[in-house]
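Please find the structures below.
In the two complexes that follow, chain A is the common piece, with chain B as its partner first and chain C second.
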Partner chain A sequence: MKQYPRGGIAEPGASLAYHTGSWRVQRPVHVHQAAPCHHACPAGEDAQAYLALVEQGAMQAAWEALVSANPLPAITGRVCPHPCESGCNRGQYDEPVSIHGIERVLGDEAIRNNWAYPVSAPAADAPTVAVIGAGPAGLSCAWHLLRRGLRVVVFESETEPGGICATAIPEYRLPAKVVSAECGRLLALDGIEFQPGQQLGRDVSLHDLKQQYAAVFIGAGAQQARPWNIDGVTPVDLHDGLAVLKEWTRVGQVPPAARVAVIGGGNTAVDLCRVFKRAGASQVMLVTHSGMPGPGVPDAMRALPRELEQAQEEGVEILAHRGVRRLVLRGEKVAGLETVHMKKLPDANGRLRRVAFEGTESLIHVDMVVPATGQDVDGTGFEELLNGQTYLSANAEGATGADRVFAGGDVTGQAGTVAAAVGQGRRAAAAIARALGKTAETPRRSEAVVAFSALNTEYFEAGKRHHGSSLPVAERGIEREVEQGLGLSEARAEAGRCLSCGNCLACDNCYTLCPDTAVLKTRAEAADGSHYVFDYEYCKGCGLCANECPTGYIQMVPEL
Partner chain B sequence: MRQALEGSQAIARAVALCRPNVVSAYPITPQTHIVENIAKLVADGELKCEYVSVESEHSAASVALGAAAAGARAYTASASQGILLMCEVLYDIAGLRIPMVLTCANRAVSAPLSIWNDHQDSMAVRDAGWIQLFCADNQEAVDTTIQAFRIAQDTDLPVMVCVDGFTLTHTLEPIDLPTQQQVDGFLPPFVFARALDPRKPLSVGTLATPEWFTEARHSHHGAVLAATDAIVAADRDWQQVSGRGCGGLLQVDGPADARIGILCMGSVVGTLQDARDAMPELPSARIIRLRSFRPFPAQALREACAGLDQVVVLERALSPGAMGIVGAEVRAALYGVAGAPRVQSVAAGLGGRDMPLTLYAQLIALAQAPATTDFAILDVELDKLPAADRYPEAAVAVSSGDRS
Partner chain C sequence: MSANSTAGTPAAGVSISLAELRENQPRFQGFVGGHRACVGCGQALAARLVTEAAGPDVAVANATGCLEVFSTAWPDSAWRVPWLHSLFENAGAIASGMEAAFKARGQSTKVLAFAGDGGTFDIGFQSLSGMIERNHNVLYVCYDNEAYMNTGVQRSSSTPHAAATTTSPAGRDRLGKRHMKKDILQIVAAHHMPYAATASVAYPSDLRKKVRRAMEIEGSTFLLVHSPCPLGWRHDGAKSIEVARLAVTTGLVPIIELERGALTGSMPIREQRPVIEYLRAQGRFQHLFADTAEAREELEHIQALADYNIERYGLRGSGNDARDTEGADTVRRGGVRWA
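Let's turn to the complex of A and B:
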């Protein structure tokens, strides 16, 4: 007969006879969820993955992880409105991680060190895809086609690649050498052929391209001035915003004016204001229906808050919540604007509608008005596809409905940002590769997003965001970049602020705190990518591990 | 050589003579000078020992448990709320059959907050399965502490040495401290058969299913009962070494033909003996001092009560809503014994209230009263209470005639 030893001592492992797992009514499971930054990124970057590498100092590996989604980080790191940071859970803790700052450092480092893009040359007989437009959508599509073993020929109407980034974003915000370096490195890859100065409908035809190439991707952008008038009135000397920016970028000039009103609330409008200021205009006003960005503003301007701030520092006046009611013309030229206060208010059905407040009209004296309220697609060369519509219709995968013809970027009217264009280019590349039988991959199923409430913030330390410095107003000019960006060590420290939402940190909390030693630490056995496995023979389902997991990587699943 | 020592200091020196390997303590109230003096001995290099200052009594007891389980002679001290905070670990130590020694400098338990002497703290943990020995004076505290280390290792049980707080711990008394040689001759080096050894891993504190728990309790209960032999043997052997005994399980003092007995624990025995000498006009009672409360020496108690008509149990704690704790146990021990005396139970000296010589006269009067007092707090002053809180006398003192 087995006997009870004095004091209940036992041989090691004797308690293994008690399979306490049978007490369990809920089990802990590892659930990889998307970090909100990843979820929010239109380009599909998994910021958290590359931030972890930056924190370790593995900068090149971080850049490689980054370009697996977005091949243009030096550009997006400067111009993207970074919805990743708006989504960042850290924003609810102290301040969001400066993801764009780190992205920019990685992009710049890749250029500086000439890091090789992680891709091998396609087979000599690989199918070749024609890409129309060397803007963000086209370049992204080309890159992701190359990654899938396809050859690409990129046709560009301009002499330089980069699209809007090269032609219409001022130097102080996005230096031309950054654009040409990043795009140039990409286009120099073995498997990509770049044909500048080739305009669709003039130098090449869609019909011929379809004949010669396995598939065609249209990333022609939207660069045609949208007709603009107030009650049918258009000044004879009206300048389209995008055209003014292009002129400035190309020759460093803008039409002469002392008092300018720019209409619009996006980054183009803000860029225009700042450019007119630099060109010597005495008074520059930005007139917009939208409000200044801020907490609880439902109709905030799309422009980056920091850009707006800098514009104001430089003397630009922002007339927010203001609509243009009337153009005052002297002869056929503009002499002033009558504006009225407007705001979005809920109507009888609770829907927000823009309402003008009668009696708040005021007159502004200007000698030039520049609309920056968006562009239309120039359908030259694909008129049949456009079929009289404003934008080229395409589904989420870029398919236009026409055989082997895909589209992405501003031409589809679905992008609006460089990052979104990059994302569309990537998804279209995957769809093209699938159509050509080069890949079996299916569109990624979107994962659940880790909410801030799923994190255990007790395990994180408060830490100030690294903002990077910007040039003092007095030193700002035409060429020097206003945003100085983060230094390497700042970027690394900033990456350390990432909360790693939804990912295993290997922090050992679950392993240490499990009261039943039912969390086993073995990377070899943890096939789910974590560092631990649950021993369900003994796990009682108490939930301590899930509660103490800093990143929300462990979830309790009911078993009853 | 006799020297004037404060009780706490004397106990500290006694502990040091026993060559402990680990002393752990929480140094703040309710603590005594005992651990402070041990800390000083360690700091001065007079005692080679791992002194662990911890953040709570729970930790103090836990450290001692772990140290003893690893084969160290371990010691700690506490009192009052400190004992209560240790409670969980005290059960563990006893249930795991870990030999170690703890001094309980007996004090009242709050609320209301009190720092003074009574026995409620050690009574609160009486069922933890420890040996509990109550000391009459500081000399006995020294001698019992030394004996306790041997009893612990002879029985694989922890021993709580109960010493009246302030009344003993903070008063000076001429003490005959034994020599190191005397103690070494009496107390063999600590050897724990189940000591943990990393080369031969063992699991301590494993789960006992209903299939085993009963047997664990049975063997533990038997061990505490059987500890009477080790207590008596240790006292006898120490008497041979030092010339002083502590009375073994209990001490009986008074005329052989006495009809009245007074039973007590702790230092009040001296007061009762002095009062009896000072009041020759009153009947001379047999004073029975219970030294071992756990194990409860029922047989020795029956023998000590032989020939008595009356026993009044005087104690310094109570079980509110029932009666005196020792009183109930004495009554139970004598139940059904032919010719057993009538047992009355009273409490006094709670929360440090002085116990004057006149207490003796009150106890004698109680013994001589025709009505039986099941329980009363003898020195309560009812006029200090609002009328609604005085309660009818019947509720606190049942008078139902002679039970014998």
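Let's turn to the complex of A and C:
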């Protein structure tokens, strides 16, 4: 050490030789945690990651991050009930981020600009997997197999890909050209072969497929009308909901009726109501056991709240918490329904059961009743796997128990939404690749989910959600899409509302507010995805940075 | 020195060592780590922010006080700019002399005077007054932690009403300090000086803007920076910013700018918080939460002081404003807020 006269002078910045880090009893660390949107997404999308890219204007990179989980964003952006937004922490601050709106913009931009799916062609001698069904589960499985270097042949009984999205979702909600464009782009990838018009059990057999291909994935969906009756009574003119929707999608017609009751609380039921309205029915009612969606409604309908709202705008009457007690028949045709108010209430043991309230019975006159209470699996071609069960049983990774046969989507009875089917397809693809010795990937360890209370909301500004416009009721018709979606600049602004839960957003708070200059800013992104490193030589462990981190990305851990 | 030495090793994901990275930071560092301030020190943070914003061409005259003591434990100095320790009472006079010397040598180096509230409100007041009266080209920064923390938390004329210190203890006869906090800003501004402003460590971008503004002014300028003291105010060091922010959002510390004695700028309060939120966060006010009529009256008294400030300076916000208490600390991806 240099010798100075006492009380004289010191070299500039000489205090850096004194390491105050030795005072510390706790240290700040960067902890990457799952944002609730990521955790809630059945397809496994990390919305937080692609929203960050959208906010920076890197739209293509955002789309690539998005399709690393879900290859069908233009479709899911339109039809998904978006549990990501229900989970979004911003919902506890003002309104959740319109994640589905941004997802849709990315999907549409990819189609418009013909962005290449981020994958390279598999080796010529790569094992080939047979995928049955070009619906969301099958397409997702095919995509994720391709990403893992495998070849895929997709068999589809219809002439067009898309499954239920192509056959039974009305044009005003999901345009056919979006479905065919997105699915078409996927199926055109080098390494995927598409065989339309090939039905399992008719054109191809499971036995042959197992012989010919390294593995088989069954994503056949649930296509068969579920038997429906009230006390054993079924009108002769009963039309199954899904069949009516398919007919509408294919030929633009529904069975003629002036007063229609649709039974069910899902999106299919709501679609049916809106289709009947468009076809000219004077009165359309939706009858459901469930309640209208809203805060504190435990048994809310599964339909999208926005769709319900629009259905009501179009004149559909929603009879929620209502059960059908009796069919009123004139001859063998339906003339009316006797309904009763019902609710799910806990019994003495706390189990929920439906209670009908005496004295609330009422008659409604209808000339058609259409049940939309779900579909069963048509097991043609894989009867021995189904083994008399309603659904094809498969574990979380899609394994059916049969050798090299996997399954996902509605056929397993576990999906229920396009996003869930996409997620099952992805997990099955990972399991197939593992079974074929193609990858040594270990399932990602699940991370803790960032709670709203872990954020420091002082650093965020309240801001209205961008809803995007929807067509006025008078302009809504058979073809034009009701939801107009977000514009590019709206999508960017909306992505800016993301609170970046559990992830560094490079706000500079820790770097700016450290009294000991113990947080250093890096030029490039640091290995942990942040832009900062802690200099533990000087960090005294005060915890200011953790307290002022807006996203909960910095946590204090005790020094041992 | 410490067992977990990392100075020479590369930082995670960074190809250079931490020591090199420290020399390649995007902001000027006139005040570095290794100083002996307590954990979570608001004054160390304030000094860092002021020095960063002032830039390299400065020379500092520092009165006796915490800042002087913890930043220069001989033979170490946390300063990377010319820095001179004066006495408790004469930072203003020393700064005046430094400025005159630079002027005589034809140098444009800006002189900064740093002092705590004791060295400004009380002991160094006459030299500060003289400096302003002669209009020396000096930015005088008072780091206001509202007591003599360096010598063990004795009351100063900056200590707010009802705060407990070792010389204004709370007990049977008194609920902390009996007198009011001295309104130093108005007193200083009454010198008809070009620029006098308040700032808070909770709003660093506002603080930086004010430092830059003062640096541009040829003549005496004064900045009063509200700087929490976890030790003296008795709160967790992690809460320094939180406490400082509450001081502003309750209205107890108005963030204002005065030019030639007239109000020219203020940070509107978008959502006024009740003063009990601020008081409850600090040990020095805990006696006010006793279940007595006197304590309840004091709480009302302090609320009235906050309301008075808001009325006096027109701090009630009207609609959302990017410069109000909620807008001024909004973060942006990539740190744009601090640019």
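Everything that follows uses one rule, which is that the second predicted complex is superposed on the first by the 536 of 560 C-alpha atoms of A that agree within 3 Å, B and C clash if a C-alpha of one lies under 4 Å from a C-alpha of the other, contacts with A are read in each partner's own complex, and residues count from 1 in each chain.
One rule holds in what follows: a contact is a pair of C-beta atoms (placed from the backbone, for glycine too) under 8 Å apart; a residue touches a chain by one contact, two chains touch by 3 or more.
Keep in mind that what you see is a predicted model, and the values were worked out from it rather than measured.
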Please indicate which partner A:543 is in contact with in the superposed arrangement: first for chain B, second for chain C, both, or neither. second
Per-residue contact with chain A, leading partner among chain C and chain B: C
After superposition on the shared chain, which partner residues are touched by A:336: those of chain B (first), chain C (second), both, or neither? neither
Touching partner for A:241 - first (chain B), second (chain C), both, neither: neither
Determine, under the contact definition given at the top, whether A:525 touches first (chain B), second (chain C), both, or neither. second
Check whether A:55 is in contact with chain B, with chain C, with both or with neither, and answer first, second, both or neither. second
Between chain B (first) and chain C (second), which does A:15 come into contact with in this model arrangement: first, second, both, or neither? both
Give one of first, second, both or neither to describe whether A:408 is in contact with chain B, with chain C, with both, or with none. neither
In the superposed arrangement, does A:513 touch chain B (first), chain C (second), both or neither? second
So which bits of chain A does chain B touch that chain C touches too? 4, 6-7, 10-15, 18
Taking the complex as given, what residues does chain C use to touch chain A? 1-7, 11-14, 18, 21-22, 24-26, 29, 31-37, 39-42, 44-45, 48-49, 71-81, 201, 204, 230, 236-242, 245, 320, 326-327, 329-335, 337-338
Please give the residue numbers of chain A that touch chain C in the complex, ascending. 1-2, 4, 6-7, 10-23, 52, 55-56, 458-462, 496, 500, 505-509, 511-518, 520-528, 531, 533, 535-538, 540-544, 546-548, 550, 556
Please give the residue numbers of chain A that touch chain B in the complex, ascending. 4, 6-15, 18
Which residues of chain B touch chain A in their complex? 95-98, 156, 194, 201-209, 212, 215-216, 219
